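Here you go, one structure.
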Amino acid sequence: MKFIDVTLQLLDGFGTTCLLFALTLVFALPLGLLICFGSMTKFKPLRYLTRAFVWIIRGTPLMLQLFVVFYVPGMLFDNPIFSQFANGRFVAALVAFVINYACYFSEIYRGGIESISKGQYEACAVLGMTKGQTFFHVVLPQVVKRIVPPMSNEIITLVKDTSLARVIAVIDIVFAAETILSLKALIWPLFYAGAFYLIFNGLLTLLFGFIEKKLSYYKV
Amino acid sequence: MKRKILAIVLVLVLTVSCIAVFAACSKDQTDAEYILGKKTLVCGITLYEPMNYFNEDGDLIGFDTEFAEAVAEKLGVEAKFQVIKWSSKEIELNSKYIDCIWNGFTVNDERKQNIEFTQSYLNNSQCVVVKAANLSAYTSAAYCEGKKAAVETGSAGETAADETLKATIVPCAAQTNALTEVMSGSADFAVVDVILANSMVGKGDYAGLAVATSVALEPEEYAIGFRKGSDMAEKVNGAIKELLADGTLQTIAEKYGVAGQLIK
Amino acid sequence: MAILEVKGIKKSFGSTNVLKGIDFSLEKGEVIAIIGSSGSGKTTLLRCLNFLEFADEGTISVNGEVLYDGVAESSAKKKLKNDDKRLRKQRLHFGLVFQNFNLFPHKSVMGNLMLAPVLQAKSELSFMERWRFEKSDAYAAIREKALATLKRVGLIEKKDSYPCELSGGQQQRVAIARALVMNPDILCFDEPTSALDPELTGEVLKVIRELKDSSTTMIVVTHEMEFARDVADKVIYMADGVIEEAGTPEEVFGSPKSERTKAFLASRKNAAAIQEDKPE
């Protein structure tokens, strides 16, 4: 098997990896904010429910969550819901990743929001701003700056975590490399796959460095 | 207090509605009715030669591939192939994402308790794979005792290495990983399917390996696994008998070089 | 008619009675200085006026209109605390300058001044109009006003700087300007110089003096006795949640009647003596 063939096959899997990564971010970033509000609400039942949920998701392995999302509907209720989709395995993985990462993001948001001083809220209040205006024009912009470092950490972890989707047979780049291994008895594509992650994360690191620099026009 | 009650009610409503949504589609029917009804037989496979693999044009071929297609045709359904993780095969089966495990699946007593097997169709055995340089030392099963054996977790090879050879187990995620362990020197030998070994050992990165034919292990058989209690196994048995009688299965076996192991 | 009328304000946190019945009134253009040791309740009083805290009892009236009535409030269906719209409207009668400025660090000086007025103007517009708001006359007017106010506090050359690039004194002047652009009836200061190095207090006090000269109605909670004496029309000395003594600066500083006032003023004098380099 030639280098170019291996590259093409790995690229195929890498497409899935990138798609899973991108869609997880697209859905988990706003969902995380929603969960964050839930875990900070004054309405106690909702707050406890949300915090218990976050505890469960953060307290169990993502791999098990993939299993639960994908297999449990079929096993307990005789209804393999993801078989309705052409790429149901990918959808199941996406659901599990979005839930898992939204919970992690929600805690980062919460830390960021709680780090904003009471004085900022009071300054907005005496200037007659609404709660929405206060949050979106004063709190959130400052939260964004504070959470860039922990977020970039989590997002880089996500890139590598996507390879867990192969436990429910989503054909990502590692799965593709493993297949080459079992079909062609070639080991090196597995390490070659690592280079894809390395380059991708290298680009992300540059991007986050750029964002941090962009946001350094003010200090708190 | 009011809020506590509200919270409990909220949880209950959520749980009940979830169950209702999931359970809505379940019906009372036998497995064969279910499979024949949807007109597809989804076979759980992993990719390996000569059972299920892609040719140069990217088409899925192999002995099990063509065999399954032939059986499906007889039963009036379409054979579909779903690549799975071998370690998840039972959960895939029970959650109904696949209808059967059709991928060189070794029959044994433990598996029989949870899986409905069809009649066996191929003879197989486990074999010991070592570095070619060490081949001469492996003259008998006794030599393997206490050495490090790389095996796929949950495979027939693990049972053989543990009970027959009395080796120390090095667990691996796949049979090919077991071969890699031997290559890297972290295990002394691997115990894998002879059919797999014959198609991989001596090739590519496994060029430095060899099958220790002097170490004899119990023979075993391949069959197709259905959900426990499924009436589909019986229907497939009927189709296999027809395919044996008209020579179709013999032709497929010859094409993939396993005619010698075919059970008639 | 008094611009501000405060009657019988009481406030407690748990079992601690912080305010035990405060009455005072303020005429338009007047400056009241509130002095007193820490824990006397003067900051809480200011926060009650700005509705950052809600008094348990008592009334607050501005221009004869009762904005807040603690007793009526306790039985009201929708409390002011939860009525965002009413609350915002009432808060705008007052401006508040904080001890630690509380500027928005991510906004430039002009951004700090313009944020609230721009949002307020936008909230009355349709979606499409909001989109084009920055080209409208209303926006230009807000900008003009912000620039003029910035000129008043002498920071026009810093209009594009960020708070982190300014000294403490400059930051507090920006905070004053930010409160001024909202046109409050009464501007409140909560120890505006306490967080500043001594050499920076002068510039802030100068700005407050100039505001008095242009007839801004102000309530200043302060530790600067000399400043209170100079600038205030009335001085209130608070102790233990009550007004211990009130009057003109001459009355309170020159011939205090209460023993507690005397003791407090004496202790401040000693403190001032140690701290020789008073500005101005």
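A, B and C are the chain letters, set down in written order, and residue numbers restart from 1 in every chain.
One rule holds in what follows: contacts are C-beta pairs under 8 Å (C-beta built on N, C-alpha and C of every residue); 3 or more make two chains touch, one makes a residue touch a chain.
As the structure is a prediction and not an experimental result, all values here were calculated from the model.
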Chain of greatest Cα-centre distance to chain C: B
By mean Cα position, the chain sitting nearest the middle: A
Between chain A and chain B, centroid-to-centroid distance (C-alpha), Å: 33
Rounded Å distance between chain A and chain C, as computed from the means of their C-alpha atoms: 45
Computed distance of Cα centres, chain C from chain B, in Å: 78
Residue ranges of chain C in contact with chain A within the complex: 50-52, 84, 88-89, 91-92, 94-96, 98, 100, 102-106, 115-116, 119-120, 123, 162-164, 178-179, 182
Touch list for chain A against partner chain B, complex: 1, 43-45, 48-49, 67, 70-83, 88, 166-169, 171, 178-179, 181-188
Touching residues on chain A, where the partner in the complex is chain C: 117, 119-120, 122-131, 133, 137-138, 141-142, 145, 217-220
Touching residues (chain side chain B, partner chain A) in the complex: 3-4, 6-7, 10-11, 19, 22-26, 46-49, 53-54, 82-85, 88, 91-92, 94-97, 174-177, 179-180, 183, 200, 203-206
